[in-house]
């Protein structure tokens, strides 16, 4: 798709006419809806809640209809102001991303190359639309991988004593490279609440089928409990470790014949698939966080 | 859900403003959209084609807004006429089903009870919303099952010589019982083109992963080809045997250690799941036929 | 298979020559091995542990070779004594089941018919080889189902006050009907340690992907945690609730669009499949309990 | 596992005592069986056929027992001669691979890097035990990938006119590098019967769920047929295109919302998984070809 488009995400208390009013806004402004989907969660604690994703072709922004509808000046900021006013009237939260504003993704790793290779290769194959301006690690192990793809690699070792300072350096790198999304691709460090407050969105891959097997060594836990499936979970990182909103999960079958290392091998394939699906969904602006849950439209 | 609702299915050549105009129609008539989803198929042979499903709360039909919008008489037929006019303007095909018009389902079987039990039990559990006024078979084997659920059972044996007459009797039963959907739950007869032309929608379960293993004895074919997965396919029956639009498919893993009978046993579970999902999707008015394909919204 | 066979299960500390000595035992006695499989668990806490399943054709028991090898009297008890002596020499635990000694299965239920129907239909279809001499429930709801299959139904209501007495009655029924295996097919009662000590093997289906979502209302837990898969777990019941050795697990995909009831519907299909696979594996003598884990050969 | 071991594969007409005699052979020679599995195919056209895999610890080869059993000289060739004699007596076909004889794998590619990266990364991670002495392509596209892993890359373009000569060059490279296994990792050329006769084992990945969607453009075929799952098949290449014995298959779910390119993207993940599982099974000597089928022990 080479068209210029904008993706709007909306979450609002359910009320009559939402689909019509949101779709009508764009129609009235001469802007075509390329793709739309919506969901009403009847079980939300705060009452029924409405979620919608609208992907809008911006070509119509230069039409007289748009100029008239948006108050004489059919610019992106006029569009945002006008849509914002509608959302205020609907008590809706909303966000917006333009397709020509390519997301910048920072990958944080430690020593395991599987997820790193997977993400970079998908980006190169055009499967996930983003730039990867940098890779950050607390170990030098994967520098060669970064170099083979000509991606700047920053090695920032960390100890208990230097953790605060190292996180400050990571944050500075994220800011300097205008990073929109941080992906923890088997980054074996727990991020502080301070870091998470200052950082952009952070997606983590947990090598367990959450909420089972939280914490360390999930494959050893899985072996010793004798489960017949192992899984992986991609979730937004929050201050509560392994408790963030889940974006995607999957599992693979294991048998009594597999030890912890075999489970880790099988699980590694699941981790890569799950992480890449979650990153792709996020970059396509399909994910809305709703409390401890996500809506993936 | 005990609300009275109507589900509209629409298929039209893609054009700007479709979501807004369709959603706006109901909003303008004071009718709330409970659920909406849409899809544009860019690869359709006749050019991009738009599909939409709208589930509408009919409570608003008694409001002054509805009365005004629908020309003074807010009845179901006024709603249909008005929506029909819009669809004509959009060159759209459409269909409609009211939630209080409970679908009547006829199950056709031969000797295998698995799919029959599965459908009846799901209907009794409220998983699929329909009535089952009759079961028709070409063998007496399953009469006891029908009786245990108090469903009338018609045994209409068939031979090459009596096929035309037997199909005529089946059609008469379908008409007499106002049947909306015929489910071939392992009915081991090929239906004639004449029958299919006169009958309501017919869903068949094929015990193979179509388009592989068309025709007879798919599990024997699968064994002898040495595949590692067996599957099942639920599709609308058309004059071209095993070629109708696919609604749902699934597979299960098999191994070298399984003979044709083991594959049939494993496959039977897939058949039941696939058939019930297809019937449920059809009854919830989620399926639109688009040439040889289906859109399941 | 209409041959008379015996299935031996063996667990022993790993040591050289185990396969050869166990297989050689039967070969030396003129008894053919129909099927054999084995596994060595290198990670067992007590050191590497060997597990083997041998399915033996008993036809050779009438041969002179057998008579000679088994000390002049080739009876089943001579076979058992001789094999037992070998196992003692190998420090092995073992068990044995003859194919003509058809297992007797008691199904315990409360109100949900899905798993009950599933098990009975599979037994009638020959998928699981057993007799079902009785169904026991703490509610009268499913009596009609039992009657439609001509299976005696015992309704034994239970309250906190009568629990000990009710369990005593259940145990008496199990004994009177020579029950080998108890299946808790959504029996909504927690069995006491006393009961489990006295009862034969008990298989339970838990409607959650253990160890996640232990305890009550797993589908509500799953919804509120926002998981993307729901599952079910069949395990041997032990005094530690939801902690028994897992025999089989599986999952199905759910989405944000599903409330707890939809998850329960999807999960119900998984429950039935998982429970029936576990019961089948147990009845085919494929399962060896190894601490908190199972080996399924 | 750093032990020296040998893996024997045996296929024979079924006959009494096979497990005992094969296991007994090694026990009698003082050689421990690390792992053994077997299968009897009752449906083989030539009558019931027995398959066995035995993984043998070679440490015992230096023991007096081995020396005595193998005729005074406990060498590998004595072991082979002795086992060969037993197999002749049993009318068995057999093969053997020593763990210290590391397999040499040649990867043939065209332009798609996904399967190439996947195989190389798994080899580097120790998931598949082999050397990769060379990569051969008919296009220069992937030379950089080969170089980033320090693997020699041979670019041998091919046209209809040069096909015979190019295949001769490929065969020469395979011979010069002592290649044991050729993997067609999306090599977009049909190999001639002559080539296949002269080459070592060749594993191909077909991006369709065979036997459906044979031939070219399987994802376009899948889209236009409207299937709900796409798959991939790893098989041994034979003179009959897409007809070779299947080693492994898997599928992924697709929807009406996916065009052929989306199906290709989803399918690519399946291809990689399926190909790597097949290569791993082959390298672990788990696969026995049995006519058009495979037994994977």
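Read from first to last, the chains carry the letters A, B, C and D; within each, the first residue is number 1.
We adopt the following convention: contacts are C-beta pairs under 8 Å (C-beta built on N, C-alpha and C of every residue); 3 or more make two chains touch, one makes a residue touch a chain.
Since the structure is predicted, the reported quantities are computational estimates derived from the model, not experimental observations.
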Separation of chain A from chain C in touching-chain steps, minimised, is 1
Top of the farthest list for chain C, CA-centroid basis, is A
More contacting C-beta pairs: B-C or B-D? The answer is B-D
In whole angstrom, the CA-centroid distance of chain C from chain D equals 36
Chain centres from averaged Cα atoms put chain B and chain C apart, in whole Å, by 38
The distance between the C-alpha centres of chain B and chain D, rounded to whole Å, is 43
Residue ranges of chain B touching at least 2 other chains are none
Chain B contacts chain A in the complex at 16-21, 23-24, 26-28, 32-38, 40, 60
Within the complex, chain C is touched by chain A residues 39, 41-43, 209-213, 223-229, 231, 245-251, 255-257, 259-260, 290, 292-296
Per the touch rule, the chain B residues reaching chain C in their complex are 113-114, 117, 121, 125, 127, 148, 265, 269, 273
